[in-house]
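As written, the chains take the letters A, B, C, D, E, F and G, and residue 1 is the first residue of each chain.
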Amino acid sequence: MNRNDQQAYDRGTSLYSPDGRIYQVEYAREAVKRGAPSVGVRTPDGVVLAAQSRAGSSLMVQESIEKLHKLDDHVGAASAGHVADARKLVDFARRESQTNRLRYGEPIGIETLTKEITDLIQENTQRGGTRPYGAALLIGGIDSTGPRLFGTDPSGTPHEWKAVAIGGGRETIQGHLEEEYRPDLDLDAGVELAVNALLTELEEVEAADLSVAVVSEDGYRDLTVDEVDEHLDERATSDGEEDE
Amino acid sequence: MNRNDQQAYDRGTSLYSPDGRIYQVEYAREAVKRGAPSVGVRTPDGVVLAAQSRAGSSLMVQESIEKLHKLDDHVGAASAGHVADARKLVDFARRESQTNRLRYGEPIGIETLTKEITDLIQENTQRGGTRPYGAALLIGGIDSTGPRLFGTDPSGTPHEWKAVAIGGGRETIQGHLEEEYRPDLDLDAGVELAVNALLTELEEVEAADLSVAVVSEDGYRDLTVDEVDEHLDERATSDGEEDE
Amino acid sequence: MNRNDQQAYDRGTSLYSPDGRIYQVEYAREAVKRGAPSVGVRTPDGVVLAAQSRAGSSLMVQESIEKLHKLDDHVGAASAGHVADARKLVDFARRESQTNRLRYGEPIGIETLTKEITDLIQENTQRGGTRPYGAALLIGGIDSTGPRLFGTDPSGTPHEWKAVAIGGGRETIQGHLEEEYRPDLDLDAGVELAVNALLTELEEVEAADLSVAVVSEDGYRDLTVDEVDEHLDERATSDGEEDE
Amino acid sequence: MNRNDQQAYDRGTSLYSPDGRIYQVEYAREAVKRGAPSVGVRTPDGVVLAAQSRAGSSLMVQESIEKLHKLDDHVGAASAGHVADARKLVDFARRESQTNRLRYGEPIGIETLTKEITDLIQENTQRGGTRPYGAALLIGGIDSTGPRLFGTDPSGTPHEWKAVAIGGGRETIQGHLEEEYRPDLDLDAGVELAVNALLTELEEVEAADLSVAVVSEDGYRDLTVDEVDEHLDERATSDGEEDE
Amino acid sequence: MNRNDQQAYDRGTSLYSPDGRIYQVEYAREAVKRGAPSVGVRTPDGVVLAAQSRAGSSLMVQESIEKLHKLDDHVGAASAGHVADARKLVDFARRESQTNRLRYGEPIGIETLTKEITDLIQENTQRGGTRPYGAALLIGGIDSTGPRLFGTDPSGTPHEWKAVAIGGGRETIQGHLEEEYRPDLDLDAGVELAVNALLTELEEVEAADLSVAVVSEDGYRDLTVDEVDEHLDERATSDGEEDE
Amino acid sequence: MNRNDQQAYDRGTSLYSPDGRIYQVEYAREAVKRGAPSVGVRTPDGVVLAAQSRAGSSLMVQESIEKLHKLDDHVGAASAGHVADARKLVDFARRESQTNRLRYGEPIGIETLTKEITDLIQENTQRGGTRPYGAALLIGGIDSTGPRLFGTDPSGTPHEWKAVAIGGGRETIQGHLEEEYRPDLDLDAGVELAVNALLTELEEVEAADLSVAVVSEDGYRDLTVDEVDEHLDERATSDGEEDE
Amino acid sequence: MNRNDQQAYDRGTSLYSPDGRIYQVEYAREAVKRGAPSVGVRTPDGVVLAAQSRAGSSLMVQESIEKLHKLDDHVGAASAGHVADARKLVDFARRESQTNRLRYGEPIGIETLTKEITDLIQENTQRGGTRPYGAALLIGGIDSTGPRLFGTDPSGTPHEWKAVAIGGGRETIQGHLEEEYRPDLDLDAGVELAVNALLTELEEVEAADLSVAVVSEDGYRDLTVDEVDEHLDERATSDGEEDE
């Protein structure tokens, strides 16, 4: 289908093209690719979430570039794409988590939470008068079934992953993950894998440009800049080793 | 009707073309064909549902490619097409099943359930401001009338089937079913027929790329990868035999 | 009015053309003609409803091609056109019939029921944001005024008939009815007339491809395949006689 | 204003043309002209309503071509134009009549009833998202002020008439009425005038193709086919006399 | 601004042109000019309302051409333009008058009533999805401040007048009023001025083609045809005198 | 941005142009300029409001050209632009003033009142389906903070002024005010300044063509024609002096 | 993407371009740049807000050019862009602050308040029928976490800053801030930095053309013109020094 034909069908979410595509959802996927990348890695001991969060100005407070979000004690999210849209989804997820605790007296299941979010996302791909959310989320946490890692996209499709990347440069980063992932990684190795995967798309990097969090049996925890820095150092070393 | 004329009438669900077609519904059928295929087979002992569910990445958790869905103890569904749309229909079906149990104290009839779903689907083909569901479902189960297998399409038309395929490659797979189906198949032979039908569209396949479920008097049950693998092995053997 | 001019006025139900036509209603009539035909015949003893219901696949369950619909004990309907739209109208008719029984303690009049349906149909021809129903119904039954047969069309106009055809090939079938109808037909002869009328549009036919129902003092009853087959046999014989 | 300019302003009821016209209302008037004609004649003893109601098929039940409608014991209507639209207006008029009886314990005034109807019609000429009613009504009856005859049009303007025609061939029939009407007609002569006026537009006619009703002090009454036939016979005779 | 540019901004009430005009309101003013003219004259003893109300057919009942409307005992209106729109405004005015009596136990002020009407009119010039009222009203009456005469236009602007014309031929008639009006006219001279002003636009006229009403301390009163006729006779005489 | 590009972005209030302008608001400002001018002058003793209110016809009652509006005992408004829109804003302001008295038992602050009005105006610049108010107001009054004078524009921006003009010829009049304004003017000199400023845009003028009001500690008061006339006389004299 | 292609996707907030951009949000950013600049500086002792507020006329009351807004005792805002839009956001922020005090008995957190505002802003970027807010805010205050400074943009993205500029000339001013900012500035030096940053974009300036406020432990306080003037004087001196 050439560009002119495509333009005939890409002006609304309530419209299929003759070959059955919903272009506005595909364009929303492009919005996700415009954002900086995020990565998730599942290990037997917990889930690692990591994201590039480099500030555009030296005067911007690094922590305000919110790419990682604690949703509840036992679950967090990494986002990519349109920042304000991602925040809406994160707010929704936090409310759903709280509601679940109030209603059932226990933490929400990671899969359940993911599907509440994708239901919301799907609704914006079917009605007219709105646009799909231009953001993707990685939802990682631990529940009674163990560590779980899910991804959402602008169509509202949930998938579970062992390790996954979203946002700009996703293909390269996912390739790195597919090569290097081992199911028996400990949490620390998971952090290293996540950081290294992100670095495939970054030329120069400081620890402050990366956000990393882990969700283990001890709950959701953001790594400090120093902790991230250690992994960068290890990498510098291991890079050197790899070069040999 | 040529392409330009068609474009004049294909921009909304609330519009007929001069020859009485609703193009957006036809385009939604194309969305179903873009998805991987699913198959249903009815036998005297129960209904078999099977689907291709090959993951796009080695890191994606196979089980999260939800093509088969338990709706209630006695009924399940296989889907094809737009994944998030299918999930909406499955959620609706689960709620309807639960409501029926609460209200009437008994499991919902398979035909009744199917028609609740197609009523919902039809509404999205008549109002403006929305698009038809880009997904088809196979609803299989056992009720007081015995094993039943129904299919839905994006127009909201329900049909009952002895054996049926939806999604990509539907014509080839349905042709295989029409040739091979016998009404006296036992459940195991039904599984084999369903798997073999799907394989007509797949070049290389592993058990993990297929999802199979049966609904018998014992209720809905997903087959394990090993169980699926056995059928693939049998096929390898029988293929050899057929080659002679 | 040429095609370009027509296109200027055919994009919505809330729009007249300069010569006072509502094109979307006329296009909905084309949708009815795209469906298989149905026939109704009124006799002094009751009403006959008959329809072509040939399945597109040998694996489709014949009975699920719903062309005839019991609405209440004393009234049924035959449909033609967009299947999902027809189902909506049939559901509405069933609810109206039940409501009437609950409210007034007696079966709904056939004319009253027909007009409830056409009121619903008309509303979809006047408001924007929706499309007309792409289906026609024949409503046949017996009430305190005797056997009655009504037809509806996508404009919402009700008409009463002695015998009538809707759907694909309507003109030919109606011509046959006009030639052969006699007001003193008994029910059996009514069935034969209905079947023969449908056969004017069908080359090869089996009993299973036809659905026939009668509404007499004994209520609504679907004929069995065997009963339909007998009429086909008679016809084969009488055809031979006619040829002489 | 030429055709192209006109097309710029004729797509909705909420739009004036630069010369202050509302084209959709004018097109709705064309819809009225597409229908068969109806006639009303006021006499000192009551009002006559008459309409052409020739069936399109010999199998259509003549009475179901509803052109004359009893609204209440003392008032009826004749319609022309879009049949389903006219039925909506007639239903509305019947409900208004009943409501008036319930609320005030007396029959509704003919002028009051007419204006309730034209208020409803006007609303559909001002809001977007709908189309004007494509039907005209003649409302004839007797109330405390004596026999009254009103006409409505798609703009919602009410007018009172001594004698009037609506629908196809209106100009010719109205011309006949203007020539032949005398204020001292008795009811029977009123019927004859109404029938003769309709016949100016009909080449061959049978009594069954005409519907005639009178509203006198005895209330609303449909004439039988035989009664109509007598007037046709008289006419045949008087035509002969006129030819001399 | 040329015609093409104008067309870019004249399709809705919720749109300004670049030079700050609201074309749909201006077109609605054209709709007023398409109607027959009405005139109002204020005298120290009361207000005169007069209108041309010539019937299009000899069989139309003259009184049903409603150009003058009693709104309450002490106030009436003359209308011009789209008849059904004017009726809506008149109905609204009557309800407002009645509400005022119920709520405050006294007749509504003429200025208050006028402004209630223009508020309603204004709303239809600002929202999308509707069109401005295509009618103008003259509101004449007597309240505690003496005789008052107001005019409304499709923009919803109220103005008070000593004497004023609306509708077709407004300019000529208003010119006549400006030349001939004297503030000390008695009611009878006011009637004569109103009639003569209307006659500047009419070639041949009968008393029955004119409607005249006066609102004095004795309340609203329609003049009889004979009373109107007298003024026409006087005019014939005075015309002769003027010719000398 | 040339005219064609502008046309792409000027059709609605819910649309920015690529350079961040909202054209419909700018066009509404043109609507204000189409109206006659109004002027406000703040003095230590109170606020003067003045406006041109020349009637289009000698028969129009001068007072009905409402350019000055008493809003409450202590505050008034002068308007320019679309008259009916201005009346809506004035009605709103009066209701807000009354509500404030009822709720808080004291007169509303001039700034508070102004901001209530601009909030209303702003809403019509952001939602689709409506147009901005085509009117500007000057709000002048005295509250606990002393004399205050505010202006509103169609964007909903409030500004406080020492002296200000709105409407047609605004630039010239404002220029006069900037040259002649002195903060220590007494009320009488304020009236003279306001009148003289208006006269810069008027060739011949009578006192009756001007409306002037003052809001002082004694409350809102309209000047009589005689009072206005005195100021015109003074001016004639001072003009003569200035000519020397 | 060239201009024509861009025009195909820039007409609404509910539309993505093929490369995933939402043009109406980007155009709203242009609206912010059309406004005069504002600056915020965070110091250990509090936050400084400053803005250019030069009046367009010598008669406009300087204080009414509201660029700085007290939101609550402990928090204020500086705005840039569309003035009426900014006022809406400021009103919303004030209500949220009050609600928080009522509900929780304590001042609202600066970050919490910011996110309430950006949630509101985001909603206007996703729904059709409205436009994004054409204004940016700087929110500065002190809460239990110390001095905080946040910025919002038309997409609804919140960021925290040490020092930041919004509005016209933002790039130059931000450059100045990045060069001159030191984290250990005292409040007075913060004021000087803010003023100097604004002056990089202003040729001639008086103290009255600038608005400055500080939020310290003593709460929100607007600087007097004299206080601002002192900083200008210091600058004149230091400028001289810099010139050497």
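The definition used in the following text is that a contact is a pair of C-beta atoms (placed from the backbone, for glycine too) under 8 Å apart; a residue touches a chain by one contact, two chains touch by 3 or more.
By chain, with names taken from UniProt: A, B, C, D, E, F, G = Proteasome subunit alpha.
Keep in mind it's a predicted model, so treat the numbers as computed, not measured.
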Partner chains that chain B and chain F have in common: none
Minimal step count in the chain contact network, chain D to chain G: 3
Copies chain F and chain E - interface residue numbers shared by over half, same or different: different
Whole-Å gap between the CA centroids of chain A and chain C: 56
Centroid distance [mean C-alpha coordinates] between chain D and chain C, Å: 31
Distance between the centres, which are taken as Cα means, of chain D and chain A, whole angstrom: 69
Residues within chain A bordering two or more other chains: 13, 128-129
Graph class of chain-chain contacts, one of line, ring, star, complete, other: ring
Residue ranges of chain E in contact with chain F within the complex: 8, 13-22, 115, 118-119, 121-122, 125-129, 150, 155-164, 174, 177-178, 181
Chain C contact footprint on chain D (complex, rising order): 6-7, 10-13, 23-24, 27-34, 57-61, 63-65, 82-85, 87-88, 91, 124, 128-132, 134
